[in-house]
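In what comes next, subunit A is part of two complexes: it sits with subunit B in the first one and with subunit C in the second one.
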Partner chain A sequence: MELQIDHISKSFKDKRAVDSVSMTLTPGVWGLLGANGAGKTTLMRMIAGIMQPDEGQIRYDGLPIGTLKGRYREIFGYLPQEFGFYPEFTVKDYLEYAAALKGLPVRDTKRRVMELLEMLSLSDVYRKKIVRLSGGMKRRVGIAQALLNEPELLIMDEPTSGLDPGERVRFRNLLSEFAKDRIVLISTHIVSDVEYIATRNAVMKDGRLIAEGTTEELVKLVDGKVWQCVIPAERLPEYERRLRIVNLRNEADGRVSIRYLSENAETAENLRMTDADPEGRAGSMPAVVMPSDKPATPRLEDLYLWLFPQDAAHDAQDAAGAPRKLGNGRRSEAGTEREQPQRTKAAAPEAGLRGEAGTAAAVRTRGQADSDRGSDSAFDTEKGGRNA
Partner chain B sequence: MSGRKMSSGRMSGGRMSGRISGGRMSGSKMSGGRTSGGKMSGREFEKCLRAAMKGGEPERRKRLCGVQRGIGPRTSFREFVLVQIRFIGLRMWAAQAALFAALGSVLWTFMGRDFWQEDQYAVRFLCGVSLAAAVSALPFIYRAFRYRMHEIEASSRYSFAGVLLAKMLMTAIGDAALLGAVFLGALMRTELPAGSILLYVLLPFLLASWLSLNLMERVSAAALPAACMAMGALLFAALGTAGRLWEGFYVQELTPGWLAVCAVLTMLCIRQAKRLVRDAVYLKPQTA
Partner chain C sequence: MRVFCLELKRILKTRLTWILLLASFAMTLLMAWLPTTFVEVDGRKGLAAVRRLKEIQADTAGEVTPEQLEAALIAYQQCLKEYGAETVYDLPEDVRTRRILPVTGVLHGVNEVYADPDTGIGPGLPNIDPAGLDDYYSDCRARLMSLMRMEQKEHPAAQAEAMRLYEKVETPYHFYPGFNTDALDYQILLGFVLTLFAAVIAAPVFSSDYQTGADDIQRCMRHGRLTLGAAKAGAALLVCGVTFSACMALFILITDSLFGWETAGTSVQMLYSATMLADMTVLKIQWFTAGASLLSLLATVALIVFLSARIRTTVAALAAALFCCVLPVFVYFAAPGSVGLWLRSLIPSSGAAGVQTSMLYTMLDYDFLNVGSLAVWLPEAMVIAAALELPLFAAAAVRSYVRHRLK
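Up next, the complex of A and B:
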């Protein structure tokens, strides 16, 4: 069982939403990561067969999905990003309607609906109108409809938005179990959703696939680029200006523990030498004490933030549902709210990836955004087997 | 994992797909991405499957057989339409019935119960009902866009085209029943000849339906209900104006000439409906 995506592209007016994306999906959970506007939803719509690519082809077990038509749609489940429903529908009506759309016979429908209601803890609300349900419950109804036909290929666009942490964990477990012999593709910018359950991940940026690999393989790309240290609280604004802080936590002693992304540890000396005070006297600011600067174990979220330096902070905060600011204007979770100046050393994360690709065996990194096209040939690297 | 093994054994699939692509299209057409899907005949498809199954792994052959036969029992399109009646049809018909009951009540209240015993009013009433029937079903057809169900419907077994066809069939059934009832009522309660009644029921209905179907192709889903209502109002005004400019407009019989006009409009409606259904296989960017 495999789904081959072969150089598919899609443009809308002047925007190239998906640009020559190729990948082969095999059974397991696949995470599709990318910031808003990266082209994930368009790619998923094309995989779902509801949008036609301008170029390229998608094949299921070697057969173009356009040829398989209804046969292809019979074997997949799809949860769109925008979950819609007719306002008069109860949960039961909705699932029965979705079953009819999928062509399930009535006797199978009843059995399957009851199973899913039980599985997704919706039994108590199945006679309620969907419009009256909470956001999380609505999302679960959407997940249920996608699973109705026991699909071989499950495509879910932002499936966990609106779910509370407990529901998200249950959903992840459900998916892991479900994906044993099926292809599950989840698009999300909530990195933790796929970090633990994804067999492989693909990262999209500006319509292109820029990296693909297992979580461990991808995380290796930012190995040595994630640092943590504890700093005095009053120095935080300075650090926020200078470093790409992905997480900060107030410590009991009034200091702040920060986690940041950088090619190298930003020692006090580095900060002093690259800085200038308001009057332009280089190196005149007092040295910042970084008592415990040490490398941190990278996570998939770090890679995401490394690849999407401008937008990722907002996404990460939204995903974590974290308050944007602490009492004194600090942010508590990944990233900072104000725009982070690009530091010289960390200015080109993808360039960093290129340099590091050689050390990240079995990870494939792909072509870059349009601005990087000129160096595509140098950038495209294929290290080791993709299925390693 | 078996999938990985299979990916190593994808040669036959690759060869086959190359053959499909090569057979159906070439050059820029191919790169233009018109995947061979829409144009492959059943025989060609069977041929491709046979080619794909030759020499492949047993598991792969079995899977392709599964794809060929469809996986698990599935309902037929007829059964699908019957189920749709429960979810979409009944509501649509009930709403239309309520609309016409309200319209009748208003007319009775302001013009008296016997208003349509005068031929001039009866004919205008028939035209109005006919126009309203054509226009009032449209919001139900494109409700999927309003409530963002179109993606789920488009990804279903029958695709959005099948769902649209089912909705059109239900609309046609509802309109036929409604206009049939109006025809019978007019036949019993007025002194108009049957041919005239049929003409004034059919002509505005077919004209409005054809224009609505054209609007469905050209206007975005969000603007469609308003556009159709505006079109209905304009047509109603145009029929009124025609009655003033041409005295004989409301005393026509169903002559062969009018019959030919109705036949042409019917053909145009069917052609436009087919076109809509064919194009609805993929979501248009502006509606997606």
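Up next, the complex of A and C:
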């Protein structure tokens, strides 16, 4: 059982949303990571057969999905980013309707619906109209419909958005169990959702697949680029301007423990903090010698933030109004959410990735020659319309 | 079939559908009753007036023979002569009611039949020689011929076709007093309202799924394309068709019950033009209009469902649907002549939308589509076109839905 994606491309007007992506999905959970506008949704829509690629082909077990038609849809489950439903439907109505469309026999429908309701903690609301459910519950109804036919190939676009932490953990466990002998591809911004359950991950940027591998293989790409140290709390704003801080924690003694991304241990060796203004003019404040930095064990989230600094900056801007977004590893470990810094100019992440790609033999990195293209336009494109 | 039933259930669970269904039945009851309120006879109104009219004109009920016409015209002219009146409006009201009203129903059309062949202007009943009514039905044919020479001067095929149609009309005509043509007007008005309701039900069939994203999920399901597309189109047609049929049947039952079932046996020539081409009684034209309007409505719904499959937002689909419903009215006023007739025959909503463009009013007219030596009466062309368009648009809707892809 395998899904071959063979040099798939898709353009919208002058924007190349997916650019010659090739990969072969095998059984297991696949995490698809990428910033907004990276092309994840477009790729998933093409795999779902609801969008036609401009170039390339998608084959399931060697056969183009276009020729398989109903047979492909029979083994397919899909949850799009936006879960559309009929407002007049109750959970039960909707799942029965979906079961009929999926071709489940009537005698199996009730059993399967009840199973999923139980599994997704929806039993109490199955007679309620979907429109009256909370965002998380609606999302779970969406997940339930995708699982109804026990698909061999399950594609889920941001399945955990709107789920609370407990629901996310349950969902991850459910998916891990479900993915045995099945192909499951999930895209997410919430890296922790795939970090522990993904058999393999694929990373997209600007329409290209730039890396693919297991979590362990991928995090090696940022090995030696994640640091932590403790600094005086009053100096934090200055460090925030200069470093890409991914996490900070208030310590009891008025100091702050920070975790940051950098090619080197910048605070101790290269970065002698002064009161220099942003243009670099020296000030009158005496230089501060930093405490020694310690290398930290990298996580998938670090890789994500290394690859998508722009996304990190956007998330930081969102943080004040939408604390949930801080789940991207920048939540204070002491439980205090703090306003996060803008992107530092110090880092050039993909240069580092390019330089070290060879260090992890099993990891494939692609399209890096183009990866320095700005991602602002991509961000805007995805925000601009659901078709992007 | 299971998907179709579930889709039907889904549509019937929609609040908007229920509101429109209830509104449809409420409108039917109201519009069936309203025409009775317009009748005023001998100081009475409503159903009492209808009963009084039947009493007054009871002697003229039945076959309309030339002898009966002659006697009625003599009575009419005698009354005017006795009172030295030039028109009936010069007569005292009670005289009018007692002596003129009993014969006005049966004399309907006489003035028209003896109109000047060149100008089409009627001579007025006081100026018609009663002895000349001996061959009334031949005179009707002669009048139609002269009318067609005026209306279809350059189309002898149309003239011949009109005569051929009229030859089938049963004569003598029948007249049963009491029926009011307002009831037929209200029937077509009801048809138009129901068409608008159907448009509102049908417009979101596919487009709302595109808009909400529900389509993205359904399209990935085993029966989410051809089967679902056909089920959605079929369910919309069924709901709209059954509602329309039920409302029309209810309307006719109520109307004929109120005016009296015997009045439904009146020949349409005794209510409209004496040379009308349709061989029908009131009851037949009621059912024919309902049937033809149903066909037109179904073709319109099929077109709207097709548009819904092509348009990505509900609002745009609804706007397009309503435009389809009123398009025949625009064409009627904006495109006169043969172009307008061709457009009206091709636009599926022509038979169900508007009043002047309705099937009933088209049947009252003498419009033909002329193609060389072939002439087709416009109502027939409209029915044939709708019958062809219904499966065509329904199939196109399903095909468009199946082939729909995100851009």
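Keep in mind that, in the parts below, the second predicted complex is superposed on the first by the 315 of 388 C-alpha atoms of A that agree within 3 Å, B and C clash if a C-alpha of one lies under 4 Å from a C-alpha of the other, contacts with A are read in each partner's own complex, and residues count from 1 in each chain.
Methods note: a residue touches a chain if its C-beta (ideal position, glycine included) is under 8 Å from a C-beta of that chain, and two chains touch if they have at least 3 such contacts.
Worth saying up front: this structure is predicted, and the values here are computed from it rather than measured.
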Notebook entry, point to check: Which holds for A:28: it touches subunit B only (first), subunit C only (second), both, or neither?
Noted result: first
Check: Where does A:84 make contact in the superposed view: on subunit B (first), on subunit C (second), on both, or on neither?
Finding: both
Margin query: Output check: A:8 vs subunit B and subunit C. Expected answer is one of first, second, both, neither. What do you get?
Written below: first
Item checked: subunit B versus subunit C as contact partner of A:255, first or second or both or neither -> neither
Checklist line | First, second, both or neither for A:299, with subunit B first and subunit C second | finding: neither
Check: Can A:56 be said to touch subunit B (first), subunit C (second), both, or neither?
Finding: first
Note to self: Per the contact definition in the header, classify A:220: touching subunit B only (first), subunit C only (second), both, or neither.
What the structure shows: neither
Checklist line | More subunit A residues in contact [subunit B versus subunit C] | finding: B
Notebook entry, point to check: Once the shared chain is lined up, is A:66 touching subunit B (first), subunit C (second), both, or neither of them?
Noted result: first
Note to self: From the superposed pair, tell me which subunit A residues show up as contacts to subunit B and also as contacts to subunit C.
What the structure shows: 12, 45, 48-52, 70, 73-74, 76, 78, 80, 82-86, 88, 93, 96-98, 100-103, 145, 149, 387
Item checked: Partner subunit B, residues of subunit A touching it in the complex -> 1-2, 4, 8-9, 12, 24, 26-28, 45, 48-76, 78, 80, 82-88, 93, 96-98, 100-105, 108, 145, 149, 152, 181, 183, 387
Note to self: Show me the residue ranges of subunit B that touch subunit A in the complex, using the header's touch definition.
What the structure shows: 1-4, 6-7, 10, 12-14, 16-17, 20-21, 31-38, 40, 45, 48-49, 52, 60, 63-64, 67-68, 70-75, 80, 83-84, 87, 91, 143-144, 147-160, 163, 282-283, 285, 288
Checklist line | Residues of subunit A touching subunit C in the complex | finding: 12, 45, 48-52, 70, 73-74, 76-80, 82-86, 88-89, 93, 96-98, 100-103, 106, 142, 145-146, 149, 386-387
Notebook entry, point to check: Of all residues in subunit C, which touch subunit A in the complex?
Noted result: 2-3, 6, 9-10, 13-15, 209, 212-225, 227-228, 405-407
